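Report on one structure; see the data block that follows.
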Amino acid sequence: MTVADRLKELGITLPKAAAPVASYQPLVVESGVVHLSGQLPFVNGALVTGRLGADVALEQGQDAARACGLMILAQLEAHGLLERVRQVVKLGVFVSSAPDFHDQPKVANGASDLMAEVFGDRGRHARSAVGVAVLPLNAAVEVDAIIALRD
Amino acid sequence: MTVADRLKELGITLPKAAAPVASYQPLVVESGVVHLSGQLPFVNGALVTGRLGADVALEQGQDAARACGLMILAQLEAHGLLERVRQVVKLGVFVSSAPDFHDQPKVANGASDLMAEVFGDRGRHARSAVGVAVLPLNAAVEVDAIIALRD
Amino acid sequence: MTVADRLKELGITLPKAAAPVASYQPLVVESGVVHLSGQLPFVNGALVTGRLGADVALEQGQDAARACGLMILAQLEAHGLLERVRQVVKLGVFVSSAPDFHDQPKVANGASDLMAEVFGDRGRHARSAVGVAVLPLNAAVEVDAIIALRD
(Lines give C-alpha, C1' and ligand atoms only; values in the text may rest on other atoms or scores of the structure.)
Protein backbone atom coordinates (compact mmCIF):
# COMPACT_ATOMS: atom_id res chain seq x y z
CA MET A 1 0.00 0.00 0.00
CA THR A 2 1.37 3.44 -0.87
CA VAL A 3 1.49 6.17 1.72
CA ALA A 4 -0.99 8.12 -0.39
CA ASP A 5 -3.41 5.15 -0.22
CA ARG A 6 -2.91 4.86 3.52
CA LEU A 7 -3.64 8.57 3.98
CA LYS A 8 -6.82 8.13 1.91
CA GLU A 9 -7.79 5.12 4.04
CA LEU A 10 -7.35 7.23 7.17
CA GLY A 11 -9.37 10.07 5.66
CA ILE A 12 -6.40 12.43 5.88
CA THR A 13 -6.00 15.28 3.42
CA LEU A 14 -2.60 16.92 3.64
CA PRO A 15 -2.41 20.71 3.93
CA LYS A 16 -0.60 22.83 1.37
CA ALA A 17 3.11 22.75 2.20
CA ALA A 18 3.89 26.02 4.00
CA ALA A 19 6.65 28.22 2.63
CA PRO A 20 9.44 28.91 5.11
CA VAL A 21 8.72 32.13 7.03
CA ALA A 22 12.32 33.17 6.51
CA SER A 23 15.56 32.47 4.64
CA TYR A 24 15.94 28.73 4.94
CA GLN A 25 14.65 25.55 3.30
CA PRO A 26 11.71 23.37 4.37
CA LEU A 27 14.01 20.36 4.18
CA VAL A 28 17.46 19.19 3.16
CA VAL A 29 18.28 15.65 2.02
CA GLU A 30 21.75 14.46 3.01
CA SER A 31 23.10 10.92 2.57
CA GLY A 32 19.66 9.34 2.41
CA VAL A 33 18.32 11.22 5.40
CA VAL A 34 15.96 14.18 5.23
CA HIS A 35 16.25 16.91 7.86
CA LEU A 36 12.99 18.85 8.12
CA SER A 37 12.78 22.39 9.41
CA GLY A 38 10.58 23.11 12.41
CA GLN A 39 6.97 23.03 11.18
CA LEU A 40 4.21 25.13 12.68
CA PRO A 41 0.59 24.01 13.29
CA PHE A 42 -1.88 25.18 10.67
CA VAL A 43 -5.44 23.89 11.10
CA ASN A 44 -7.80 24.83 8.27
CA GLY A 45 -5.20 27.33 7.13
CA ALA A 46 -5.03 29.17 10.47
CA LEU A 47 -2.04 29.00 12.78
CA VAL A 48 -2.81 27.55 16.23
CA THR A 49 -1.41 30.16 18.61
CA GLY A 50 -1.00 30.51 22.35
CA ARG A 51 0.53 28.66 25.25
CA LEU A 52 -0.32 25.28 26.75
CA GLY A 53 -1.36 25.61 30.37
CA ALA A 54 -2.63 29.12 29.71
CA ASP A 55 -4.79 29.82 26.65
CA VAL A 56 -4.46 26.49 24.78
CA ALA A 57 -6.19 23.35 26.14
CA LEU A 58 -4.44 19.96 26.10
CA GLU A 59 -6.63 18.60 23.31
CA GLN A 60 -6.04 21.70 21.19
CA GLY A 61 -2.32 21.28 21.78
CA GLN A 62 -2.48 17.66 20.67
CA ASP A 63 -4.34 18.73 17.53
CA ALA A 64 -1.67 21.36 16.97
CA ALA A 65 1.12 18.78 17.28
CA ARG A 66 -0.76 16.54 14.84
CA ALA A 67 -1.05 19.53 12.47
CA CYS A 68 2.73 19.98 12.65
CA GLY A 69 3.06 16.30 11.77
CA LEU A 70 0.70 16.71 8.82
CA MET A 71 2.83 19.62 7.64
CA ILE A 72 5.90 17.38 7.82
CA LEU A 73 4.07 14.90 5.56
CA ALA A 74 2.98 17.74 3.27
CA GLN A 75 6.57 18.92 2.92
CA LEU A 76 7.71 15.39 2.09
CA GLU A 77 4.96 15.09 -0.52
CA ALA A 78 5.75 18.47 -2.06
CA HIS A 79 9.36 17.33 -2.52
CA GLY A 80 8.49 13.89 -3.92
CA LEU A 81 9.74 12.10 -0.81
CA LEU A 82 6.54 10.83 0.84
CA GLU A 83 6.64 7.37 -0.76
CA ARG A 84 10.34 7.03 0.00
CA VAL A 85 10.03 7.15 3.79
CA ARG A 86 11.91 4.17 5.22
CA GLN A 87 11.98 5.18 8.89
CA VAL A 88 10.94 8.18 10.95
CA VAL A 89 14.09 8.51 13.05
CA LYS A 90 13.56 11.45 15.40
CA LEU A 91 10.97 14.11 16.17
CA GLY A 92 11.89 17.26 18.08
CA VAL A 93 8.77 18.70 19.70
CA PHE A 94 8.78 22.19 21.17
CA VAL A 95 5.66 23.07 23.16
CA SER A 96 4.91 26.69 24.07
CA SER A 97 4.25 26.22 27.77
CA ALA A 98 3.13 28.10 30.83
CA PRO A 99 5.64 27.58 33.67
CA ASP A 100 3.45 25.01 35.45
CA PHE A 101 2.48 22.92 32.40
CA HIS A 102 4.12 19.48 32.50
CA ASP A 103 2.23 17.46 29.89
CA GLN A 104 4.50 18.09 26.92
CA PRO A 105 4.63 14.32 26.20
CA LYS A 106 0.83 14.13 25.85
CA VAL A 107 0.88 17.12 23.51
CA ALA A 108 3.72 15.63 21.47
CA ASN A 109 1.75 12.41 21.06
CA GLY A 110 -0.41 14.29 18.56
CA ALA A 111 2.54 14.15 16.16
CA SER A 112 3.88 10.77 17.28
CA ASP A 113 0.57 8.96 16.96
CA LEU A 114 0.11 10.37 13.46
CA MET A 115 3.44 8.91 12.36
CA ALA A 116 2.48 5.51 13.79
CA GLU A 117 -0.96 5.62 12.09
CA VAL A 118 0.45 6.52 8.71
CA PHE A 119 3.70 4.54 8.64
CA GLY A 120 3.17 1.70 11.14
CA ASP A 121 6.50 0.34 12.44
CA ARG A 122 8.37 2.65 10.08
CA GLY A 123 6.77 5.53 11.98
CA ARG A 124 8.10 4.52 15.42
CA HIS A 125 10.67 7.18 16.26
CA ALA A 126 12.90 8.62 18.95
CA ARG A 127 11.68 11.92 20.35
CA SER A 128 12.50 14.89 22.50
CA ALA A 129 9.70 17.01 23.90
CA VAL A 130 10.41 20.20 25.83
CA GLY A 131 8.45 23.21 27.02
CA VAL A 132 9.67 26.51 25.60
CA ALA A 133 8.91 30.10 26.58
CA VAL A 134 7.49 31.13 23.21
CA LEU A 135 7.52 30.06 19.57
CA PRO A 136 7.65 31.86 16.20
CA LEU A 137 4.45 33.77 15.38
CA ASN A 138 3.17 32.72 18.83
CA ALA A 139 2.64 29.15 17.57
CA ALA A 140 1.50 26.64 20.19
CA VAL A 141 3.78 23.84 18.95
CA GLU A 142 6.73 23.38 16.60
CA VAL A 143 8.01 20.01 15.37
CA ASP A 144 11.15 19.20 13.41
CA ALA A 145 12.16 15.78 12.14
CA ILE A 146 14.88 13.46 10.88
CA ILE A 147 13.57 10.83 8.47
CA ALA A 148 15.48 8.10 6.61
CA LEU A 149 14.66 7.47 2.94
CA ARG A 150 14.68 4.45 0.67
CA ASP A 151 16.82 4.80 -2.47
CA MET B 1 38.22 -3.31 28.69
CA THR B 2 34.48 -3.62 28.10
CA VAL B 3 32.17 -0.76 28.96
CA ALA B 4 30.55 -3.04 31.55
CA ASP B 5 33.98 -3.53 33.18
CA ARG B 6 34.64 0.20 33.09
CA LEU B 7 31.28 0.90 34.77
CA LYS B 8 32.15 -1.65 37.46
CA GLU B 9 35.56 0.00 37.93
CA LEU B 10 33.82 3.37 38.40
CA GLY B 11 31.34 1.84 40.83
CA ILE B 12 28.43 2.75 38.58
CA THR B 13 25.26 0.67 38.57
CA LEU B 14 22.93 1.57 35.72
CA PRO B 15 19.27 2.28 36.48
CA LYS B 16 16.49 0.26 34.92
CA ALA B 17 15.84 1.62 31.43
CA ALA B 18 12.76 3.85 31.68
CA ALA B 19 9.82 3.12 29.41
CA PRO B 20 8.86 6.05 27.17
CA VAL B 21 6.18 8.17 28.88
CA ALA B 22 4.29 8.31 25.59
CA SER B 23 3.99 6.88 22.07
CA TYR B 24 7.56 6.82 20.85
CA GLN B 25 10.71 4.70 21.12
CA PRO B 26 13.61 5.10 23.57
CA LEU B 27 15.98 4.96 20.61
CA VAL B 28 16.21 4.36 16.87
CA VAL B 29 19.29 3.00 15.11
CA GLU B 30 19.81 4.37 11.60
CA SER B 31 22.88 3.80 9.40
CA GLY B 32 25.14 2.96 12.32
CA VAL B 33 24.02 5.89 14.42
CA VAL B 34 21.65 5.67 17.37
CA HIS B 35 19.31 8.56 18.08
CA LEU B 36 18.19 8.52 21.71
CA SER B 37 14.99 10.12 22.92
CA GLY B 38 15.19 12.80 25.58
CA GLN B 39 15.89 11.06 28.88
CA LEU B 40 14.68 12.32 32.24
CA PRO B 41 16.64 12.26 35.52
CA PHE B 42 15.72 9.43 37.87
CA VAL B 43 17.81 9.20 41.05
CA ASN B 44 17.07 6.14 43.19
CA GLY B 45 13.92 5.67 41.14
CA ALA B 46 12.55 9.17 41.83
CA LEU B 47 12.34 11.88 39.19
CA VAL B 48 14.37 15.01 40.01
CA THR B 49 11.85 17.81 39.57
CA GLY B 50 11.92 21.60 39.72
CA ARG B 51 13.77 24.50 38.17
CA LEU B 52 17.40 25.50 38.36
CA GLY B 53 17.81 28.94 39.88
CA ALA B 54 14.62 28.45 41.86
CA ASP B 55 14.02 25.19 43.74
CA VAL B 56 16.91 23.07 42.39
CA ALA B 57 20.50 23.83 43.46
CA LEU B 58 23.38 23.73 40.98
CA GLU B 59 24.82 20.51 42.40
CA GLN B 60 21.41 18.82 42.31
CA GLY B 61 21.07 19.91 38.70
CA GLN B 62 24.45 18.42 37.86
CA ASP B 63 23.41 15.17 39.54
CA ALA B 64 20.20 15.28 37.52
CA ALA B 65 22.11 15.74 34.25
CA ARG B 66 24.38 12.83 35.23
CA ALA B 67 21.24 10.78 35.93
CA CYS B 68 19.98 11.55 32.41
CA GLY B 69 23.34 10.37 31.10
CA LEU B 70 23.09 7.16 33.12
CA MET B 71 19.64 6.59 31.63
CA ILE B 72 21.15 7.00 28.15
CA LEU B 73 23.66 4.27 29.04
CA ALA B 74 20.85 2.14 30.50
CA GLN B 75 18.85 2.46 27.26
CA LEU B 76 21.91 1.45 25.23
CA GLU B 77 22.47 -1.56 27.50
CA ALA B 78 18.82 -2.61 27.35
CA HIS B 79 19.06 -2.65 23.54
CA GLY B 80 22.39 -4.50 23.41
CA LEU B 81 24.25 -1.44 22.15
CA LEU B 82 26.41 -0.42 25.10
CA GLU B 83 29.50 -2.33 24.00
CA ARG B 84 29.12 -1.05 20.44
CA VAL B 85 29.58 2.66 21.24
CA ARG B 86 32.22 4.04 18.88
CA GLN B 87 31.73 7.77 19.54
CA VAL B 88 29.33 9.92 21.50
CA VAL B 89 28.59 12.51 18.78
CA LYS B 90 26.17 15.03 20.30
CA LEU B 91 24.28 15.65 23.51
CA GLY B 92 21.29 17.99 23.61
CA VAL B 93 20.81 19.26 27.15
CA PHE B 94 17.62 21.06 28.16
CA VAL B 95 17.73 22.64 31.62
CA SER B 96 14.52 23.78 33.32
CA SER B 97 15.62 27.28 34.30
CA ALA B 98 14.46 30.32 36.20
CA PRO B 99 14.78 33.43 34.01
CA ASP B 100 17.98 34.59 35.71
CA PHE B 101 19.80 31.23 35.79
CA HIS B 102 22.78 31.25 33.41
CA ASP B 103 24.81 28.18 34.41
CA GLN B 104 23.29 25.66 32.02
CA PRO B 105 26.82 24.60 30.90
CA LYS B 106 27.80 23.68 34.46
CA VAL B 107 24.60 21.68 34.84
CA ALA B 108 25.12 19.94 31.52
CA ASN B 109 28.63 18.92 32.58
CA GLY B 110 26.97 16.34 34.80
CA ALA B 111 26.12 14.40 31.64
CA SER B 112 29.23 15.36 29.68
CA ASP B 113 31.68 14.36 32.41
CA LEU B 114 29.95 10.99 32.76
CA MET B 115 30.49 10.26 29.06
CA ALA B 116 34.17 11.19 29.36
CA GLU B 117 34.60 9.01 32.47
CA VAL B 118 32.97 5.98 30.91
CA PHE B 119 34.16 6.21 27.31
CA GLY B 120 37.35 8.31 27.45
CA ASP B 121 38.08 9.95 24.09
CA ARG B 122 35.12 8.14 22.53
CA GLY B 123 32.95 10.06 24.98
CA ARG B 124 34.09 13.53 23.89
CA HIS B 125 31.06 15.02 22.16
CA ALA B 126 29.53 18.15 20.68
CA ARG B 127 26.79 19.66 22.81
CA SER B 128 24.02 22.21 23.00
CA ALA B 129 22.77 23.38 26.39
CA VAL B 130 19.80 25.69 26.69
CA GLY B 131 17.48 26.89 29.45
CA VAL B 132 13.84 26.00 28.88
CA ALA B 133 10.67 27.20 30.59
CA VAL B 134 9.54 23.78 31.79
CA LEU B 135 10.09 20.09 31.05
CA PRO B 136 7.88 16.98 30.94
CA LEU B 137 6.63 15.89 34.39
CA ASN B 138 8.40 18.98 35.81
CA ALA B 139 11.79 17.30 35.29
CA ALA B 140 14.82 19.46 36.11
CA VAL B 141 16.86 18.31 33.10
CA GLU B 142 16.33 16.38 29.85
CA VAL B 143 19.14 15.03 27.67
CA ASP B 144 18.96 13.49 24.21
CA ALA B 145 21.88 12.04 22.27
CA ILE B 146 23.34 10.99 18.94
CA ILE B 147 25.86 8.15 19.27
CA ALA B 148 27.83 6.35 16.56
CA LEU B 149 28.13 2.55 16.75
CA ARG B 150 30.73 0.02 15.72
CA ASP B 151 29.52 -2.72 13.36
CA MET C 1 36.68 30.36 -5.33
CA THR C 2 37.73 29.19 -1.89
CA VAL C 3 35.60 29.96 1.13
CA ALA C 4 38.49 32.04 2.45
CA ASP C 5 38.42 34.11 -0.76
CA ARG C 6 34.68 34.51 -0.52
CA LEU C 7 34.95 35.70 3.08
CA LYS C 8 37.57 38.23 1.99
CA GLU C 9 35.30 39.38 -0.84
CA LEU C 10 32.49 39.92 1.68
CA GLY C 11 34.84 41.79 4.01
CA ILE C 12 34.31 39.22 6.75
CA THR C 13 37.03 38.52 9.31
CA LEU C 14 36.29 35.46 11.40
CA PRO C 15 36.52 35.72 15.18
CA LYS C 16 38.91 33.57 17.19
CA ALA C 17 37.27 30.19 17.71
CA ALA C 18 35.86 30.18 21.23
CA ALA C 19 36.90 27.41 23.60
CA PRO C 20 34.00 25.37 24.95
CA VAL C 21 32.78 26.84 28.25
CA ALA C 22 32.64 23.34 29.69
CA SER C 23 33.62 19.70 29.22
CA TYR C 24 32.69 19.03 25.62
CA GLN C 25 34.08 19.55 22.11
CA PRO C 26 33.37 22.45 19.73
CA LEU C 27 32.57 19.88 17.04
CA VAL C 28 32.61 16.18 16.23
CA VAL C 29 33.01 14.76 12.72
CA GLU C 30 31.11 11.53 12.12
CA SER C 31 30.68 9.76 8.75
CA GLY C 32 31.38 12.88 6.73
CA VAL C 33 29.07 15.09 8.77
CA VAL C 34 30.21 17.62 11.35
CA HIS C 35 28.02 18.24 14.40
CA LEU C 36 28.79 21.64 15.92
CA SER C 37 28.13 22.51 19.52
CA GLY C 38 25.83 25.42 20.29
CA GLN C 39 27.80 28.61 19.61
CA LEU C 40 27.29 31.86 21.49
CA PRO C 41 27.35 35.38 19.99
CA PHE C 42 30.59 37.25 20.48
CA VAL C 43 30.78 40.67 18.80
CA ASN C 44 34.17 42.36 19.06
CA GLY C 45 35.05 39.83 21.72
CA ALA C 46 32.08 40.65 23.97
CA LEU C 47 29.15 38.30 24.48
CA VAL C 48 25.79 39.72 23.37
CA THR C 49 23.59 39.19 26.43
CA GLY C 50 19.95 39.73 27.28
CA ARG C 51 16.52 38.77 26.01
CA LEU C 52 14.76 39.60 22.76
CA GLY C 53 11.55 41.50 23.39
CA ALA C 54 13.01 42.92 26.58
CA ASP C 55 16.52 44.35 26.61
CA VAL C 56 17.76 43.27 23.16
CA ALA C 57 16.38 44.94 20.01
CA LEU C 58 15.50 42.91 16.91
CA GLU C 59 18.47 44.20 14.92
CA GLN C 60 20.86 43.45 17.80
CA GLY C 61 19.39 39.94 17.93
CA GLN C 62 19.98 39.48 14.22
CA ASP C 63 23.57 40.64 14.65
CA ALA C 64 23.90 38.18 17.52
CA ALA C 65 22.59 35.31 15.38
CA ARG C 66 25.04 36.31 12.64
CA ALA C 67 27.82 36.33 15.25
CA CYS C 68 26.86 32.76 16.21
CA GLY C 69 27.09 31.86 12.53
CA LEU C 70 30.52 33.48 12.27
CA MET C 71 31.63 31.43 15.27
CA ILE C 72 30.45 28.28 13.48
CA LEU C 73 32.65 29.27 10.53
CA ALA C 74 35.53 30.05 12.89
CA GLN C 75 35.23 26.61 14.49
CA LEU C 76 35.25 24.96 11.06
CA GLU C 77 38.34 26.98 10.08
CA ALA C 78 40.14 26.19 13.33
CA HIS C 79 39.62 22.47 12.62
CA GLY C 80 40.64 22.65 8.95
CA LEU C 81 37.11 21.99 7.74
CA LEU C 82 36.03 25.34 6.28
CA GLU C 83 37.03 24.52 2.70
CA ARG C 84 35.42 21.08 2.93
CA VAL C 85 31.85 22.32 3.48
CA ARG C 86 29.62 20.53 0.99
CA GLN C 87 26.21 21.45 2.43
CA VAL C 88 24.92 23.25 5.49
CA VAL C 89 22.25 20.73 6.49
CA LYS C 90 20.54 22.10 9.59
CA LEU C 91 20.78 25.05 11.97
CA GLY C 92 19.20 24.94 15.42
CA VAL C 93 18.55 28.48 16.61
CA PHE C 94 17.65 29.17 20.25
CA VAL C 95 16.56 32.74 20.94
CA SER C 96 16.40 34.05 24.52
CA SER C 97 12.91 35.52 24.40
CA ALA C 98 10.49 37.53 26.49
CA PRO C 99 7.12 35.74 26.65
CA ASP C 100 5.51 38.01 24.04
CA PHE C 101 8.36 38.02 21.50
CA HIS C 102 7.36 36.12 18.34
CA ASP C 103 10.01 37.11 15.78
CA GLN C 104 12.45 34.26 16.34
CA PRO C 105 12.56 33.59 12.56
CA LYS C 106 13.70 37.16 11.83
CA VAL C 107 16.39 36.85 14.49
CA ALA C 108 17.52 33.48 13.16
CA ASN C 109 17.86 34.95 9.67
CA GLY C 110 21.02 36.63 10.92
CA ALA C 111 22.66 33.20 10.89
CA SER C 112 20.78 31.83 7.87
CA ASP C 113 21.56 34.78 5.62
CA LEU C 114 25.24 34.53 6.52
CA MET C 115 25.34 30.90 5.38
CA ALA C 116 23.67 31.85 2.09
CA GLU C 117 26.08 34.76 1.54
CA VAL C 118 29.16 32.68 2.20
CA PHE C 119 28.22 29.32 0.66
CA GLY C 120 25.50 30.15 -1.91
CA ASP C 121 23.30 27.12 -2.61
CA ARG C 122 25.50 24.96 -0.38
CA GLY C 123 24.45 27.25 2.46
CA ARG C 124 20.70 26.68 2.07
CA HIS C 125 19.71 24.67 5.13
CA ALA C 126 16.84 23.31 7.16
CA ARG C 127 16.26 25.14 10.42
CA SER C 128 14.44 25.17 13.72
CA ALA C 129 14.04 28.43 15.60
CA VAL C 130 12.50 28.52 19.06
CA GLY C 131 12.24 30.99 21.92
CA VAL C 132 13.83 29.80 25.14
CA ALA C 133 13.61 31.11 28.70
CA VAL C 134 17.31 31.79 29.12
CA LEU C 135 20.66 30.78 27.62
CA PRO C 136 24.13 30.03 28.99
CA LEU C 137 25.93 33.12 30.34
CA ASN C 138 22.73 35.09 29.57
CA ALA C 139 23.53 34.93 25.83
CA ALA C 140 20.88 36.41 23.53
CA VAL C 141 21.14 33.64 20.93
CA GLU C 142 22.69 30.18 20.57
CA VAL C 143 23.08 28.31 17.28
CA ASP C 144 24.15 24.72 16.67
CA ALA C 145 24.64 23.10 13.27
CA ILE C 146 24.90 19.94 11.20
CA ILE C 147 27.12 20.37 8.14
CA ALA C 148 28.07 17.81 5.48
CA LEU C 149 31.69 17.67 4.30
CA ARG C 150 33.42 16.79 1.06
CA ASP C 151 36.04 14.03 1.30
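Quick notes
Chains here go by letter, A, B and C, matching the order in which they are written, and residues are numbered from 1 within each.
In this section, contacts are C-beta pairs under 8 Å (C-beta built on N, C-alpha and C of every residue); 3 or more make two chains touch, one makes a residue touch a chain.
What you are looking at is a predicted structure, and each value in this text was computed from that prediction instead of being measured.
With angles rounded to a multiple of 5, the C-alpha fit of chain A against chain B returns 120 degrees of rotation. Residues touching across the chain B and chain C pair largely diverge in numbering: under half of the numbers involved belong to both copies. A separation of 25 Å divides the Cα centre of chain B from that of chain C.
In chain C, the positions touching at least two other chains are 31, 132-133.
The residues of chain C lying in touch with chain A in their complex are 31-33, 87, 89-91, 97-106, 108-109, 112-113, 116, 124-133, 146, 148. If you check the complex, the residues on chain B that touch chain A are 20-28, 30-31, 35-38, 92, 94, 132-138, 142, 144.
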